Structure formats: structure tokens, C-alpha cells
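Chain IDs A, B and C follow the sequence of writing; residue 1 opens each chain.
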Amino acid sequence: MKFSDLLQKLGIHQHHSLLTAPNCNPDITGLAAVKEAQPGALSYIEGSKFAAEVDRTQASVLILPMDAALQQKATDRHIAWMSTPEPKLLFAQAVSHFYHPYHPAAGIHSTAMIDPSVQLGEAVSIGAYAVICAGVKLGDGVTIHPHVVIYPEVQIGDRTVLHANCTIHERTQIGADCVIHSGAVIGAEGFGFVPSPDGWVKLEQSGVTILEDRVEVGCNSTIDRPAVGETRIGRNTKLDNLVHVGHNGQTGENCVMAAQVGLAGGVQLGNWVILGGQVGVANQTQVGDRVQAGAKAGLHGTVEPGSIMMGNPASPYKVFLKASAIYNRLPAMHQSLRQLQQQMEETQAQMEKLQEQMRAIEQEGEGQV
Amino acid sequence: MKFSDLLQKLGIHQHHSLLTAPNCNPDITGLAAVKEAQPGALSYIEGSKFAAEVDRTQASVLILPMDAALQQKATDRHIAWMSTPEPKLLFAQAVSHFYHPYHPAAGIHSTAMIDPSVQLGEAVSIGAYAVICAGVKLGDGVTIHPHVVIYPEVQIGDRTVLHANCTIHERTQIGADCVIHSGAVIGAEGFGFVPSPDGWVKLEQSGVTILEDRVEVGCNSTIDRPAVGETRIGRNTKLDNLVHVGHNGQTGENCVMAAQVGLAGGVQLGNWVILGGQVGVANQTQVGDRVQAGAKAGLHGTVEPGSIMMGNPASPYKVFLKASAIYNRLPAMHQSLRQLQQQMEETQAQMEKLQEQMRAIEQEGEGQV
Amino acid sequence: MKFSDLLQKLGIHQHHSLLTAPNCNPDITGLAAVKEAQPGALSYIEGSKFAAEVDRTQASVLILPMDAALQQKATDRHIAWMSTPEPKLLFAQAVSHFYHPYHPAAGIHSTAMIDPSVQLGEAVSIGAYAVICAGVKLGDGVTIHPHVVIYPEVQIGDRTVLHANCTIHERTQIGADCVIHSGAVIGAEGFGFVPSPDGWVKLEQSGVTILEDRVEVGCNSTIDRPAVGETRIGRNTKLDNLVHVGHNGQTGENCVMAAQVGLAGGVQLGNWVILGGQVGVANQTQVGDRVQAGAKAGLHGTVEPGSIMMGNPASPYKVFLKASAIYNRLPAMHQSLRQLQQQMEETQAQMEKLQEQMRAIEQEGEGQV
């Protein structure tokens, strides 16, 4: 695809090199990270931090930030460019003109085992050996990859995609435009046991798991249903792989959880919460809007909106960074402290001696008087 | 169901509101958490911590602790109640009178692929596309959901349930009344490699994985078999989702592991051990009876029975809580320490000066004498 | 099998007890850990740390380190032995003469759903209900267990084994002699979303995931493909269960990742890197050759070759061990510090008083003069 064609497809009318260098209109033959780009590649520069790459990259086309110096550099190197305040976002839009992800055709495979009571939308795609139990409703354009198992009474919204080997448990409600990745398990019974003298007694999990529209759930992640009430993942929230959401978890819209995050029971997240990899959130924790937690943080209690938290138990990141910078000096501090204690003892002994001497002098003085 | 009928089904003869308010006999139409309860709901109050909810809840029936004040409050609000020392346990019993979890009927689906040598108990349920290899024995009333794969020579006890897409590896022995949740993998080969000049050499895993009766294994959890000997999960032990138990792991009875717990190779847990989410236990760690470990703790070495541990490396929780409360003051402590060192230097300098002055005075004094 | 036969099969010509005690040639009837060994068992002693076991074990045959004292002890107890600098490595070789792991016969099950365009090598084994999409190439001797799903255009090298319920996504390239354990998901789309005013926008993942030869991936582990470029697992690298490798991750040869390790996007590991359980590695971290990280460590930035790291954020292990040994004394240190501050105040007050007294004396002296 010619650079000029891509500009047209993306609706870019300004901030591009063709305005100043109309002959710089290369063929784009592929996509690449800026460091690995070969001639013909389209790539992007995320911010000034990566500016030096403009001097080195072999890419033929770059998406740049709104930076005249970078634009000039690219022009000087005969690299075609377009500029935008959000280069990665524009790159994401550009990618979809080059790469078409695998998507099976509509149609129902002859081996799919679909209960007669299932309600199917228009143009659904159901793969080999999928099993869909009684009372399930699938919206229009739903894609069920091979080997998906859907327990009874599940509802799945329009255009949602369920990848291979994932399992959707009874009564789960999944919205429109969701993606459930391979091996994920949605709506299985929550971990509810009550201690008794005879051991742990199961608390049946009668509740429901709800995924709102545009939710994505990563490979082998698990979202449980509760004893009573609901577990709810808010609109456009994205979960990476191997994430666990316990019974009664609630998230707002546009949250992001990186891989291996775990939410214990009854956790509530606001909107736009971002949790780094391996973060853990304790039972009943309330996390405000736009909280961010660094990888491996442990959240509990109430976390104020907008906080950026790190460590376990988590602290505001400035506090954590200062404290963890000191952590390795603990042995030196410990030694300094012991030395100070010793010096203090010596000082006090010297002080007492001086005080005694002083008293003697003053008594002498009085004696003289 | 009328409140009075539920009392009868639960065998409750005392400590309930019908004894004093015989007209307070509502219909129970559902189950709810006390904060979300609507009229008609049955709910419970776990302890005095939640007492204020009795003033606010819309529930029609409450299970209360043995607390006369709460009983009076409920009566005053025309809420039917029953009291017990263990409200959540009674609620668990009550739930099973309202909610009947999905359970497929007995019978063997025509697409289940069952080796002729498999021994089937009475009244088993085997779902679509299940694959059961040679030499497997299934007890009476076993339920195999769709897409379960059972490798050769596995034994599964009476009434055990295997959910969709789980995999049971060769020679695994699973007891009676167990539940293996969707996607779990039991008895796969342990992680055994020996370094050599040519790279890592596999140590074949010839051992066996054994789950005793009433064990539950959460979604996508993994329990490995060892090179020699056995991996054993004790009776009535419950594992949440995404838990890993390495080769040769041994647990006692009634242990509980929250989501994302990992036990390295050869870990031994006593009875009634409770591990919080994301806890890690190092190779060969010995954990005594009734140990509890807080979320994200790292256990190693030997952990004394009854200990409550937190942190990584884990400490007794009182020690950890005190230390972690100070952690954030490390920068201030560091500064105080430097200040003290400076003050100490000044003090010592002043002290030396005074000592010198004192010596001068004493010498003068001697000179005068 | 006679001990002498095993020696022959292993090609052991020296350092064994038959040279000195030719009648000590027991039948080997099984394999066991040295502590649990019964008569007839073959076992091994990993190093001098386990030397006391030679006095106690019931094993009939031991693999010993090169240690004359242990050899004598074993001979005295009529235990047949062979010695080697690497007992566990020799044990691994011995095991394969006793234990033959389950391996289904070559052949394609009638229910396997194989696209006509798939290229099959010689002597492949494809289990029940496996689904293999268009354009896939399988090498010679490949084993596909039941319920594996392979998306389009995947390549799988000779003798590689895919266990039940695992999923291989489009365009993934898996080398020869690899093992993918049950439930693992390879090559699913990476976690790539770009924030926009309308919420998170998906960055399509057009890249490819490559596993070189002899790679093993544990149960329910996940290795993602990137937006552009590749995710690559180096030759003979071994991943335990529930490990996550994010998009663009790169490992060298012979790396080992214990269970529940997580690599964020763009992580690079050198050769022979060993990561303990639950280790997390942050975005873009560069980890040098032969780095080792203790369980639960958090790596970020650049980690020098050969480092042994612990803690989060990780430090060199000596630094970490010293600091963490002091951690629990933080409250005591805090108290000491406050006490010192108080003492310092008192000392300074006393000092001022003395200085004043001294000034008075000196003024008197001057007055006298």
C-alpha cells in the first residue's frame, strides 16, 4: 500500500510529509517495531523518549508525535511520516489496514452439540465440537471457536468471540463485542466454604457473573460467580492472562488488569483502574476511580481515587519509592544506630564526669568564698 | 417458602422469632447479601461487626448470631429471624433449600469416547466429547462434564464431579465426593529437569497424584505428579482457582488455599492450614497444623503449628505488622539517623573542648596550689 | 532388573560396588526417594547434605556422589552403589530404564477434525476430537493428545508432544522435541490496548510466537504473540505451570521458569536464566546470562549477567538477605532512634549548662585577674 493511500484510509489531512516532500511516497510492505524495522516497514515513535530512533530506524514510514524537530529529522532521512498527539493510537488504527486477524466464517459445524432449546442469532459461527447446553442465547455474529463448552442458561451478546477450550458456566451473561480468550473460565462457582467441626462446608454459589459490553478476558483467566448477588466486569474492561476475579468482584468501566492479577472476594474497582502484573487485592477492598497499582502491589482497605500505589501492603508510590530506596541500607542503618548508642553512652559518661568536676570546682569556689 | 417451613427443614426448634412473634412468618422468595437484600430475601449477619445492617436491611428473614439485642432489633423491624452461634454455616444449609446447582442427568452421551477397558460405576453421567482412556475406573454417581480428558489408569471415587475441559493425567487417584473445576489439570508430570553440559535433562515423573475424599480443585489449577513417590492432597482440602501444587506436595486434611497460591516441590502442609491469595511456599517447606499465611506471604523452612505468618520472607504477623507499619518511615529514620550522627559529632567536639577547658582550670588550680 | 544389568545399560564401568563386593547384586524392583525407599528400590544421594540417609535408607541400590566415605558406608550396609559427580543426572538416566511414560500409538483417531490442507509428517499420533485448522504442518512423530485445538498456519516440529486441551494459535511455530502440557495456550494475541477518550482501543497482534527445539511449556501456561515482531522461547528452555510470557518476550537457551512466573511485554532473558516461583519481570527488562532470581522477586531495568537477585524491587541476594534480616527489627530501631533523639536533647541541654558554667568560671577567673 502506498503511503498516500494509507493517509487517505486513515483520514489524515495534515501533519504528514507529503505536504512538504510530495515525492516521498513509499510502498508500505509491513509493520514493525521501530528498532527492528526494515525498509518498507511502517512504524511509530511513542514519544520524545524514543526520538533517537528516528536517526537510526530503517522504517520507510513513521508515525510521529507533534514534534517539528522529529518531523524534520524524518524528512531529512527520506522517511515518510505523519504526526499526531497519540502515535500509538494511530498506529493501532493503521495496523488494522494491514493485518486481518483470523476469523472463522459464519456457519455451524456439524459436530457442534447444540441443545434444541438454544436460541441462535444471525450469522453465528460455531466451531467443531463446541457444546452448548439448554437455554443458552447467542446474539448475532457470535463466534464460538472449537471446543468451547457453554453450560445452561448463558446469554452471549452480539459479535462476541469465545476462543477455543474456554468454558462458560451456568447463567453467565456476557455482553456484546466481548472477547473471551482460550482456556478462560467464566462464571464457575466461587470459593465459598464455611468451617464446621466436620470440616469445610460448601456454601452453594447461586449468584451470577455478568460481563458488560466490550470486555476482554485473557487466556486461562477465571471469573467466579458468587453465593448471592453478582460478579460484574464493567464495560470495556480488559483482563490479561491468568487473572483471577473472585466471587462478588465488581469493576467499573475501562479497567485494565495485567497478567496474574488476583482479586479476592467482594473487591470493588472504580472506573479506569489499572493494576500491574501480579497485583493482589484483598477481600472487600474498595478501589477508587483511576487508581493505578504497580506490579506485585497488595491493595487492601480503601484506596483513594487517583492514587498510584506500590508495594505490599501498598503505599502511595512516592512513599514506597523513597522507602524501598532506603531498604537496602537497613544493615548500615542498624550498624550506625548501634554505634550511635555506644557513642551516646560514652558521651553521657564523659558528661557525668565533667559535671562532677564542675560541681567540685564550684564547691571549691564556694569553699574559697 | 414460608419462614416456618424453612425452620422445619433446618430442624430449628429454638432461637427464632416465631416463638415470640407468631405472625411474623414471611414468604422467602430469594437469597441475598444483607446490604443488597430486597423484601422477601433471606440473609445473614456474620457477627457484631455487621450489626448496623440489621437497622438498614430490606431482608424479610435474617440469620443472626446469638445476640439478644440484635434479635430485638430485628423483631422491632418485623424481620423474621433465627439465631445460631454460626450464622454463615446455617445460611449455607439454608441456601441448599433454595438453590439447586446445575447437575446433568445420569447417562452416557453418545459422543463420549470411552475405552472398552474402562470400569463404570452405577448411575454415572458422562458428557459430550469426554475422552476416557484405557484402564480408568469410575465410581458410582460420578459426573464427567463435556470435554473432560482422562488419561489411562486413573481412578475416580463415588459422586466425584469433573467439570468441563479439565484433564486428569495417567494413574491419578481421585477420592469420593471431590469436585474438579473447569480447566484444572491433575497429575501432569512434575517440573523435573537436571542440568547437564548439554542443557536440562528430563527426569521422568514416574510417581502418582492422589486426592483424598471431598477435595475440591479450582478452575485452571494444576497439581503435578512426582518423579518418585506421590503428591497427595488430604481429605476435605479445598483449592481455589489458578493454584499450583508441585511434585511431591503433601497436604493434611481441611487445608484451604486461596487463588494463585503456589507450592513448590516437596512442600508439606499439616491439617487445617489456610493460605491466603498468591502465597508462595518454597521447596521442601514444612508447615505445621493450623498455620495461617496472609495474602502474598512467602513461607520457607519450618513453620511452627498455629503460626499466623505474613510478609516475604514471612514473619509472625505481629512482627510483620509492626515492621511494615514502620517501613514507610524509613526515609525519615534515615534522615534522623544522619542528623543524630552530625549532632553526635558536634557534641563530641563540644565535649572535647569542655574537657580541655576543664583540664586547663584544674591545671591552673594545681598551679595556684 | 539386576543391578549389574543396570550398570551395563548405563555404561558404568567404574565407581560401583560390584568391583569390590561382587556378590552385592540385588534385583531392582522400583524407584524411590531415599527417605521413602523400601528394599528393592533404586535411589540417589544428591550430595553430602543428604549423607546421613546412607545410614538409614532401606534402598537396595544407591547412586552416590564421588565420596569414598559414603561408598564405604553403603558397602558396609550391603547397599549396592554406583558413584558419579552428578548423582541426580545419573538417576534421571536410570529412571528411563524402569519407567516408560504413557505415549499413545501412532495413528489418527477417526474423530480428529483435520483440515484437508494440513501437512502431516510420518508416524504422527492424533487423538480423539483434536481440531487442526487450515495450513498447519506437523513434523514426523508428532503426538497430538485428545482435545487439542490448533488454529491455522501453525508449524510443529518432529516428535513434539501436545497434551490434552491445549490450544495453539494462528501462525505459531513450535520446534522439534518440544512438550506442551495440558491446557497451555501458545500464541494467543498479546495484551495490547491503547487508551483513547472512548476507552481502550485494541492494537491488533499481527506478530508470531516461536518456540525453538526442546522447549517445554507447563500446564495452563500462556505465551502471547506480539503486535509486531515475535515472541521467542529459546532452545531447551523449560517453563513450569501457570507461567505467563507477554508479547515480544525473548528468552535465550536453557532458561528455567518455575511455576507462576510472569514476564511482562518485551522482556529479554539471556541464556541459562533461572527464575524462581512467582517471580515477576517488568516491561522491557533486560536480564543477562545466568541470572538467578529467588521466588517472588521482582526484576526490572537491566540485570547484570550472573547476578543472583531477591526481593521486590530485586537486589543482589547478599544485600537482600542482610536487609531482610534487619527488617523485623525496624520497630526496635525506630524506638532506639527516638530514645537516642531524646538522649541527644538531654545531652545537649546538659552540655549547654556546662558550657555556661564554664563561661562563668572563666569570667570569674578573668575577673580575678
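Please note the rule applied: a contact is a pair of C-beta atoms (placed from the backbone, for glycine too) under 8 Å apart; a residue touches a chain by one contact, two chains touch by 3 or more.
Just so it is clear, the structure is predicted and the values come from calculations on it, not from any experiment.
Colleague: Shared interface numbers for chain A and chain B above half of all numbers used, same, or below, different?
Modeller: Mostly different residues: under half of the interface numbers shared.
Colleague: Please compute the angle of the rotation superposing chain B on chain C (C-alpha atoms), rounded to a multiple of 5 degrees.
Modeller: The superposition gives an angle of 120 degrees.
Colleague: Just the number, please: Cα centre separation of chain A and chain B in whole Å.
Modeller: Result: the chain centres lie 25 Å from each other.
Colleague: By the touch rule stated above, which residues of chain A touch at least two different other chains?
Modeller: 129, 147, 165, 183, 220, 242, 260, 278, 327, 329-330, 333, 337, 340, 344, 347, 351, 354, 358, 361
Colleague: For chain B, which residues are in contact with chain A within the complex?
Modeller: Answer in residue numbers: 31-33, 36, 43, 86, 88-89, 91-93, 95-96, 98-99, 101-102, 111, 127-129, 145-147, 163-165, 181-183, 214, 216, 218-220, 235-236, 238, 240-242, 253-254, 256, 258-260, 277-278, 295-296, 324, 327-331, 333-334, 337, 340-341, 344, 347-348, 351, 354-355, 358, 361-362, 365.
Colleague: Sort out for me which residues of chain C touch chain A in the complex.
Modeller: Those residues of chain C that touch chain A are 113, 129, 131, 147, 149, 151-152, 165-167, 169-170, 183, 185, 188-189, 191-196, 199-206, 220, 222, 224, 227-229, 242, 244, 246, 248, 260, 262, 264, 278, 280, 282, 298, 311-313, 315, 319-320, 322-323, 325-327, 329-330, 333, 336-337, 340, 343-344, 347, 350-351, 354, 357-358, 361, 364.
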